[in-house]
Amino acid sequence: MSSSIGEFRRYRERMNERILSSDNLGIKRFFALDTRAYEKGALTTKTKEMLGLVASMVLRCNDCITYHVIRCVQEGVTDDEFFEALNIALIVGGSISVPHIRRAIEILDQCREMQKKHQAIKL
Amino acid sequence: MSSSIGEFRRYRERMNERILSSDNLGIKRFFALDTRAYEKGALTTKTKEMLGLVASMVLRCNDCITYHVIRCVQEGVTDDEFFEALNIALIVGGSISVPHIRRAIEILDQCREMQKKHQAIKL
Amino acid sequence: MSSSIGEFRRYRERMNERILSSDNLGIKRFFALDTRAYEKGALTTKTKEMLGLVASMVLRCNDCITYHVIRCVQEGVTDDEFFEALNIALIVGGSISVPHIRRAIEILDQCREMQKKHQAIKL
Amino acid sequence: MSSSIGEFRRYRERMNERILSSDNLGIKRFFALDTRAYEKGALTTKTKEMLGLVASMVLRCNDCITYHVIRCVQEGVTDDEFFEALNIALIVGGSISVPHIRRAIEILDQCREMQKKHQAIKL
Amino acid sequence: MSSSIGEFRRYRERMNERILSSDNLGIKRFFALDTRAYEKGALTTKTKEMLGLVASMVLRCNDCITYHVIRCVQEGVTDDEFFEALNIALIVGGSISVPHIRRAIEILDQCREMQKKHQAIKL
Amino acid sequence: MSSSIGEFRRYRERMNERILSSDNLGIKRFFALDTRAYEKGALTTKTKEMLGLVASMVLRCNDCITYHVIRCVQEGVTDDEFFEALNIALIVGGSISVPHIRRAIEILDQCREMQKKHQAIKL
């Protein structure tokens, strides 16, 4: 029912390398556009990552939620901010998103545990 | 590809406690509203749980399906009633919901097995 | 922002005839299966139509909502039963389904108006 | 293909009144929770409305988009901020959300037009 | 319940121009990637447009369906091929996609009418 | 984060047998219609399986993706064709489908490995 942050990172890294080693230009460019969308502009990266988190919540994708929770932690989102963002996702997306709230909080707690131990939270 | 009812219950219980221990009033109230929506009113709880099951099927959330199958069993939904409700979910939601039909029946069979052994089906 | 029940019926009827006049057996059989799924079995047609309504609500399809509201009215669903079913759809599906709650109630009110005038509610 | 802000507001207002005049407590409480979720807390209302907008974009609900664009304008979201938020919605949600980008910009342009004429943008 | 091909084209053209006149590079590049994805490669444009049509059907976006039906007609998709592709969309996506089957056939019929009159089918 | 093709096949086979052993005619007929939709007609089975794959990608169902990747391999879809189809799914469905692209490629690579060893790829 849950998988560790490390396992997620290794799978994601390995498969992304595999996908980007293909000859398909379209997919490569999409991945580049995806990265760039969260770079600081008129909005901060922190705000953008919260937008990405809420979008992932209401579309109910656990891997995407894991990714954006980690990125939000890296950008300094506080627990209160997390819960307020998740509350909006819950109101917009309904009880069908409750299992994903559980997932998000589980990953958040793992990140906070790592921070207490001064471990780097990498992606 | 499957996880036991017990594993689901423990994870759900642990994470719900964690979520409700936060200070976010909105999320707590949502959880309360969610519970109350299935209480007997003009419609029976049995009918309401079938509504919840079909909604979970067409939105394709395995944890929600697990929860509502168990609740339906507790409310006395028969096998024929289950299959008719799942048939409606299949017609409305299409073949993309077939893996979730498998999941629902797997959980149903686990519940029936427990009932044969006179085991309590708790949530 | 709204369209009358009559307009919906005529469009639906005309296009269904057009679709069923094609040579595609698969689509014709799907339409037949769809009709049969709501026939009385272990569950009443009334319960099945409410299942169809809630499924249409959480999947957010206005034409499907219009159809199932009318069918529910024909099967004798009361206002209290409607609101309880819609409440479950709202809890499961979230605020993104609010515009569809509006639609459902608008159609329900049109049906009640027709019933007061002893007009037949046809599909 | 488009409807004016005024028409949206009148329909929304009329139907919300109708819905809240019913006896269903669950729905009334959901509406109250929905309103409260966007109130200032650890996150500003402006940030929360952008979260609501992006959630509405990826779930592809035009009425919800219309509502949140108007609320974002009221909270002072700039054009650059709008386009960056919409870009994230587009990347996460894909080309299927392009028609909703069109809708969002159409409403935004109507709001800016009203602001130029010093008209109040009400909901 | 329906809108003409011409109305769709004019709205789409006007709003795309508006969107691409903004300074947001991300959105512009996404639009370019989107166009390129359907260009002939290992798969023909005809096959790719059918993939786009079925994707639009199961995601239930009328504007996207309108666009891909027109593109499929331009690429020479026959009526039998259309109905077989729509049948797959119907089986995968379920009865919730029936209103979109109606829409697809309505647009197809408008295109065939234009072809009979030797009118150009533009986008 | 991944499960082998063999595990998928055994679970699918076992549960399909269980489901088809029930008395529910509607579900049995749906399964039959589902199979028939991919049979050669005006479109080849290869094209139809690619339509099924893209539909499964944008609806984000890993089991359905696993099934259609295997069927596409059986029908002779080349790697270039796969990546072009996945690129369309990615453009239409957005970054939320990236985890499913990973899944599709993982299954594809397992199939290619089996082909190198002259192992039958069964379903």
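Here the chain labels run A, B, C, D, E and F in written order, and each chain numbers its own residues starting at 1.
Operating definition for what follows: a contact is a pair of C-beta atoms (placed from the backbone, for glycine too) under 8 Å apart; a residue touches a chain by one contact, two chains touch by 3 or more.
Owing to the predicted nature of the structure, the values given are computational and were not obtained by experimental measurement.
Under half of the residue numbers at the interface between copies chain C and chain E are found on both sides, making the touching surfaces mostly different.
Chain D maps onto chain E through a rotation of 120°, based on Cα atoms and reported in steps of 5. Set against the Cα centre of chain F, the chain with the most distant centre is D.
When chain centres are defined as mean Cα coordinates, C lies farthest from chain A. Chain centres here are Cα averages; for chain A and chain B they lie 27 Å apart. With centres taken as mean Cα positions, chain F sits 38 Å from chain D.
Centre-to-centre separation between chain C and chain F, using Cα means, comes to 32 Å. Along chain D, residues 26, 30, 33-34, 37, 55-56, 58-59, 64, 80, 84, 87, 90-93, 95-96 each make contact with two or more other chains. With chains as nodes and touching pairs as edges, the resulting graph is complete, every pair of chains being joined. Those residues of chain B that touch chain F in the complex are listed here as 1-2, 60, 79-80, 83-84, 86-87, 90-91, 95-96, 98-99, 101-102, 105-106, 109. Every residue of chain C that touches chain B in the complex is listed here, in rising order: 33-34, 37-38, 41-43, 47-48, 50-52, 54-59, 64, 78, 80-81, 84-85, 87-89, 91-93. Against chain B, the residues of chain E that register as touching in their complex are 58, 90-97.
Those residues of chain F whose C-beta lies close enough to touch chain C in the complex are 26, 29-30, 33, 36-37.
Against chain E, the residues of chain C that register as touching in their complex are 3, 7-8, 11-12, 15-16, 18-19, 22-24, 26-27, 30, 34, 55-56, 59, 61, 63-64.
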